[in-house]
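Look at the two complexes coming up: chain A is in both, with chain B in one and chain C in the other.
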Partner chain A sequence: MTQWSGYFGLIMQGALVTIELTLMGSVLALIMAFLAGLGRLSRFFAIRALATAYIEFFRGTSIFVQLFWAYFVLPFIGISLTPLQAGVLALGLNVGAYAAEVVRGAIQSIGREQYEACTALNLGRWQGMRHVILPQALLVMLPTFGNNAIELLKATAVVSLISLADLTFQAQVVRSQTGNTLVPFTTILIIYFVLALIISWGVRSLERRMARGLDGVRV
Partner chain B sequence: MSAPIIKIDGISKSFGTFKVLDGLSMQVMPREKLALIGPSGSGKTTILRILMTLERIDSGHIQIDGEQLYHMERNGQLLPADERHLARMRQKIGMVFQLFNLFPHKSVIDNVTLAPILTKGIPRAAAEKRAMELLDMVGMADKAKAMPAQLSGGQKQRVAIARALALQPRIMLFDEVTSALDPELVEEVLNVLWRLCSETDMTMLLVTHEMGFAHDFADRVLFFDRGKIVEEGKPDEIFRNPKQERTQGFLKKIIAAGHRV
Partner chain C sequence: MEWDWNFVWEIMPTLIQGVKITILATLLGSVLAAIVGLAIALARRSPNKGLSRTVGFLAEFIRGTPLLVQLYFIFYVLPDIGILLPPLVAGVIGLGLHYGTYTAEVYRAGIENVPRGQWEAAKACNLNARQTWTHIIMPQAIPPMIPALANYFIAMFKETPLLSAITVLELMNQAKSVANTYYRYVEPMTLVGAFFLVISLFSVVLLRWLERRYGKIER
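And then the complex of A and B:
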């Protein structure tokens, strides 16, 4: 039985890598989501086209292929990435493309009367966006952002294919060393689930905090 | 006689194939209080929205305070206005909407201070002091910290008025500001308009269905129908003794609907 504690340590190391990937990937995804989401609403055709191309391309191709491309193909044009860098890049760009549509949709869901109030108060385009539209749109984005973050967490498993020692990778190590399939894979199943729950709770409490005052009940 | 503060010269505006304004011309003198009345779709709200630059005109010219609104004069030529020109012109104009359009995520006082802080660079403390004076004038000082969702419609509209006043416009546009209110809340908003009317020298344009109020408030009443001014004159002339058949018909309908004249 003693050997299991060692293997459990391996899996916990993998969990840390998965968490690290999820956090870093989410930050990149968030940045890309706002860049591309706002880009799609730009007045300038070139920016709109660029944003649309990014979104369609990264939604329309497989995350596996994107990851392999970042890790195996980029070195041919002189860009060598560590497995972690390639993983963060692929995950962030992929999920960012989905989240960009969330940003755009949320901004467009804010009623025309809010934009008109901004014009009547002579706020500039960016001032209105920053102080009036985005704070309200953020609340609309949050639940779907939670979904996106959980998708990203689950997608981190693909990095095991480029030998990054995440949860899934470590489970395979344990399986090959012990011959036991049930224990390692059930363990990581539970760990993925718990991590997803934590994201859910986090997003929901953020949502509650941001909605405060909007319904006229709490201040 | 001084120059008009608003000079509208042959403007037309269509939405699709529907011509809302058809070669409309009119002038408004400084400090004048104008009531714009007429059936829905007659173009009266569109005029306010055009003056606030919420809709663009298809043709014609508008001068505010002697300056072109939608055109810029460059080397003797008239060019379409750019965003900077529009922003400068908007400083002269404020607008209050039928549905208040408050910012739901900001407290009452933040609604009032946001634009002065951002557009005029007024320090927060000074902006808040001024906002409290304005909220006091509209009877909302005790609700400064409340969120819009906690207010009644009449209270929201009074905050919206304070918010528009905070930018110290010379012209105020009121677009059916009591139409969305429960009957018992109409008066508190009209009272605020009364105060503005008697205590400030702003030019005020009021689109309204409150004929009694329009009669008492306005220096001049314009009756609109199908994108044109059908009849205009002193309130007494328009309400007691309308000359045009369409004005008579409209007022008859309004009175039948229970509005006091």
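And then the complex of A and C:
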């Protein structure tokens, strides 16, 4: 009988790295999503073009390729990243590109009359966005953001291939040390699933909190 | 580090071999995902509560966990119970199962979008279950699904680099082996990225066309 408790500790360390990556990646993705999403709605052609190029580039090339590029190619042009930095950068930029389209779609889904009301109240472009449009659009974005966060969690498994000791990496370590494959892989599958459930539960309760007081205003 | 065109031409034949496997895996994976998705969608509609709940939970589980870990599971765990799969077959099964859970949702939405009246009309015409599906429901449900299905097949295409982790010699793996042999990462990795970007940009055009062709059906 193998001594499982030590290996369980390894897996838990991996889970911490996965959670850390997911959180940091989500923060970067959120920032990029709003920058690029609002950028696509900008009045200036240059900003729109830049945001579109960013979104198309990161959605068009696969996350795996981006990660390898960040980790193996950037050092040759003088930028050395640790595996963690490369992981957060690639995950954040990739998921941020998908989420940027969510931001754009949500803002465009807000009815014309809201914009007209902003004009009628003599709010500036930024003021209207900040106080009228975004608070409503945020609620529309939230469920899809939750899905994006789960996609990001799932994508973190890829960082094990650039030798970052996340859940998947630790499972491989346990596999090579014990020769047992079923237990480590089943364990991490369950941990990933539980993490995904926590994210969707968190997003749903956040949504309920934000929707409070908006009854009857929006569906 | 400079970009070297001679090196690019030198490694091109190896990369093209990888491209063939990448495309093969995508095609086979798409066929499998289309079939698995249909099976899941039908099982979830089954009047047998036990069957529909179990399949629903399994699909949810597969969707909530990383494809990479599932590939490891198929490739490393199944041999323990006597099922030894070649890497490409394991990869195709992984892709097909994972994306099958996504296409199942497309089928579900497509089937639910067929108005109730059509079911009632089929019943009124005394059609049996098989005739109702093949002559009434499917012909109306399938065309609007096509763009959404294509969307997932393109997403799957971008996930094929993960197969390199279970030693399938697709594009990413060929690029890695070339890069490790010559210790030049810039050209192979950038070419892989460019290849995915070009295909994705083309597929956007294809998707737009599919949406125009099949997106709306006349009622």
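For the reader, a short list of remarks on this structure follows.
Basically, the second predicted complex is superposed on the first by the 213 of 219 C-alpha atoms of A that agree within 3 Å, B and C clash if a C-alpha of one lies under 4 Å from a C-alpha of the other, contacts with A are read in each partner's own complex, and residues count from 1 in each chain.
In the analysis below, a contact is a pair of C-beta atoms (placed from the backbone, for glycine too) under 8 Å apart; a residue touches a chain by one contact, two chains touch by 3 or more.
Being a predicted model, the structure only gives us computed values, none of them experimental.
When both complexes are overlaid on chain A, the residue A:182 reaches chain C alone and has no touch with chain B.
In the superposition on chain A, A:22 makes contact with neither chain B nor chain C. Looking at the shared chain after the overlay, A:73 reaches chain C, while chain B stays out of its contact range. In the superposition on chain A, A:122 makes contact with chain B only, not with chain C. In the superposition on chain A, contact is made by A:113 with chain B only, not with chain C. In the superposition on chain A, A:197 makes contact with chain C only, not with chain B.
For chain A, the partner that touches more of its residues is C, with chain B and chain C as the two candidates. When the two complexes are laid over each other on chain A, chain A has no residue in contact with both chain B and chain C. Residues of chain A touching chain C in their complex: 56-57, 59-66, 68-69, 72-73, 76-77, 150, 153-158, 160-161, 167-168, 171-172, 175, 181-182, 185-186, 188-189, 192-193, 196-197.
Within the complex formed with chain B, the residues of chain A that make contact are 113-114, 116-117, 119-125, 127, 131-132, 135-136, 139, 213-216, 219.
Contact residues on chain C toward chain A in their complex (touch as defined above): 1, 61, 64-70, 72-73, 76-77, 80, 158-162, 165, 172, 176, 179, 185-186, 189-190, 192-193, 196-197, 200-201, 204. The touching residues of chain B, when paired with chain A in their complex, are 52-54, 83, 87, 90-91, 94-95, 97, 99, 101-105, 107, 114-115, 118-119, 145-147, 149-150, 163-164, 167.
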